[in-house]
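Common to both upcoming complexes is chain A, partnered first by chain B, then by chain C.
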Partner chain A sequence: MEAPPVSVMPVTGGTINMMEYLLQGSVLDQALESLLHRLRGLCDNMEPELFADHELVYLLKGQQGNPFLLRARRSLSHPTAPWHLRYLGQPEVGDKSRHALVRNCVDVAASHSLPDFLNEMGFRMDHEFVAKGHIFRRGALKVVVSKLSRVLVPGNTDNTEPLSLSSLVELSVLAPAGQDTMSEEMRSFAEQLKPLVHLEKIDPKRHM
Partner chain B sequence: MYCLMKITHQREEKLLEGSVESLISRVAHLKNALHSFIYKLENEYERLTWPSVLDNFALLSGQLNTINKVLRNEKTPSFRQQVIIPLLLSPDRDEDLAKLTEQRVPVFSHEIVPDHLRTKPDPEVEEQEKQLSAEAARIGPEVAQKQIQTLNKLCSNLLEKLNNPRDDRDADSAALRLNKPSFNPADTNALVAAVGFGKGLSKCRPPGPVAPGHPGQGPMMSGGPTLQQVTISGGSGQLQGMGPGAPQQQGQPGKMPTNIKTNIKAASSMHPYNR
Partner chain C sequence: MGVTCVCQLPLAEGKSVQQTIDLLHKKLEQLGAVKQGSFTVDCETYHATGNASGQPTKLLYVMHNSETPLSCIALFEGGPCLTADGNFDVLMIKLKSHFQNAKGHKVESRGSRYRYCDFLIKVGAVTMSSSARGISVEVEYCPCVVPGDCWNLMKEFMQSFLGPSIPELPSVFSSKPEGLYAPVDCVDTMTQYLEMFSKVRKQQVLPGTTR
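Let's turn to the complex of A and B:
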């Protein structure tokens, strides 16, 4: 008896093909308090959610130029929670009038053997960092204010050093592919955070 | 009504009558509005919303405004100069009067006359007015004129500011805000680069300021040592005892994964469940 043929078609449809709309900005530490107050007022009323995450970025270098990137994230405040594996595609070069950065996004949860599994698959950890901060929500919009720190000794997340004097502010929405209604809402929300923070779409390639 | 008004000229009489008519109709409107508002407050207070209360107040305010306008109209003769004298007071109930006033004034007697036909304001109000007029007389005309001018200037300035949202205003406040910037664009770029592709986060590099010339080398440098580490373990983990072939090209980090991939491909060509 022959083994069933392995399908090589990618999985499409369902919640796999999600697009992430992203706007990024930063806020200096001295203005962080006022930003948090403003977000408390603008966003849904819930208990302020703190998070502390350790993210490892894995690269798979193929024969062609672009390496394949996967991001594995675990919570430092909830050590038993599952790991979160995320793939982010290249930003879509759509019409320039779109206000947010749009890219393909695949999120899955994984067990604690994820780093070993990725190593076995051939991925190599490129860099890691620790992100600590607040997360707010307004409808489908998600606002994350995080302080990034670099890990001085690989694997040791207690010994960290802040990357800069600012915190990163990210406004993101996850929507199924094809829905383009969110960028207007994101833009008006970003307007409300001015002049504390300027949220804009920043092409990461420009800073390579 | 049970009182006569002393008038001198025919024309003025007509004018007076006309203005009194219009005043009566306006006051009747106001009375009706008040009546319905009070009814609403007393009976429908559970379903009453603040906006509809505000609407009622607005209606009353509008009606008071029209009454004021009628009174201020040039054509309206001055009512102050008219005198109302009751000609007949009787303690008996008068049905016509009662009907006319909706049962509020059934008797035109000595008790109701001082209230209904009063012309002077309340004593407290009278007292305050007296004080104000004494004050005004004391300061003298020039000072008063100056005060009037200052008040007018202030009011017109305020009105102008409120009516014309000018860009100058934004420029002034923007200048103030620039003194205390709340974000640094350079920091934004650095953070986005760090999250995007690890600029400044390489494990090899000692902690320090991010050097812009380095990012290309950084990831490769970090790739090197780890790759070599893993090749050894990769070699030990091979299926089917196939020679790893991996340690051959240690000097070129980029080639390592290729070799491992080839091995895996070769392994799958041999079907595990060989039947």
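Let's turn to the complex of A and C:
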């Protein structure tokens, strides 16, 4: 066995402070096809990627302060793929004129022992859901159109019920902190999706 | 990944850590082993802070191995273990209000990596807060993933340069019902390093070996 080649090193952004720039909106099921059609025209990939994910939201409660929240996701369509663990920080207060919500983001690929491991760490599952939909890309921009369903029997992803009569639309970019031109680019892209969907800067705290 | 055995090597009589390592290198070179770069295995310890229920705090270990440079392995002693990418370290920083890094407890083993035919041999100096604590020897037989099939061969090979102080079949293998190795990651290897590091942590500082 030879030493692995070093020429295929992926990006090791480990120490870089990555931020997620995010705009959100929703589209009614009746208008979904028109939106997908519009996105096909605007984005890089002619045919979008389809996905079906199961997301589990975990909380770690300490003695004081807010609980620590982590999101664990697994693909239902690629059951052998690694799990995806995501930490999202508090939205930056910063500049009111900025067009997108900006928050710290850490993405970790993890083995399938993740749920057991999080339990051992003291995390408890708070809620879970299934998200199915399409992913589009344009350059660094990512558009995810997903239909969310609630899981009726804990852990059983075959038995679900749609949460609403609409789909969630998210426009996001991952970039190092301080790249505010990103939010400008996002705004102009969001303009092109009007009036099918109105993507806005939504503060998740207002909806808790 | 093949079958791997990690053990701690006692110091040669009257010799320091470095002198014992040099002796071992010489023996390996006489056998015909070829030096192929270096290696590092490290282990950080985290304490869970403030668990409301008042149970004894569990220790969480996060380990890295230069053989799998983009991964990190997080484990609880005797508990579940997780293989993740390097961003797990960043996550642990975010979690610092719940898991505190016991900086003084960082243990690492650094040294040379030798190849002899189908064997990989790594001889490392084990240090904890910059004081030398001992010597680690890792031997891997690359072509086989079933410990039961190659353990005698490995024993014989280890005898050729370690002499009589060769280890028993690692408990990570003997405790598995079929003794099968999980070849997808280096969890079994890291579990053995963790066991060895825990022993090293408890032992006294070797006199006159501060680097």
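Please note the rule applied: the second predicted complex is superposed on the first by the 191 of 208 C-alpha atoms of A that agree within 3 Å, B and C clash if a C-alpha of one lies under 4 Å from a C-alpha of the other, contacts with A are read in each partner's own complex, and residues count from 1 in each chain.
Here, a residue touches a chain if its C-beta (ideal position, glycine included) is under 8 Å from a C-beta of that chain, and two chains touch if they have at least 3 such contacts.
It should be emphasised that the depicted structure is a prediction, and the values quoted were computed from it without experimental measurement.
For chain A, the partner that touches more of its residues is B, with chain B and chain C as the two candidates. In the superposed pair of complexes, A:106 makes contact with chain C only, with no contact to chain B.
By the touch criterion stated above, A:117 is placed in contact with chain C alone, chain B being left untouched.
Contacts of A:125 after superposition: chain B is touched, whereas chain C is not reached. Of the two partner chains placed by the overlay, chain B and chain C both lie in contact with A:61. On chain A, the surface patch touched by chain B in one complex and by chain C in the other comprises residues 1, 3, 60-63, 120, 122. For chain A in complex with chain C, the touching residues are 1, 3, 9-10, 12-15, 60-65, 68, 85, 87, 89, 104, 106-111, 113-114, 116-117, 120-122. Considering their complex, residues 177, 180-185, 187-203, 207, 215-216, 219, 222-223, 226-227, 230, 237, 254, 257-258, 260-261, 271, 273, 275 of chain B touch chain A.
Every residue of chain C that touches chain A in the complex is listed here, in rising order: 2, 36-37, 48-52, 58, 60, 70, 74, 76, 79-91, 94-95, 97-99, 142-143, 185.
Against chain B, the residues of chain A that register as touching in their complex are 1, 3, 24-28, 30-31, 34-35, 57, 59-63, 69, 119-120, 122, 124-129, 148, 150-152, 154, 161, 163-166, 168, 195-198, 202, 204, 207-208.
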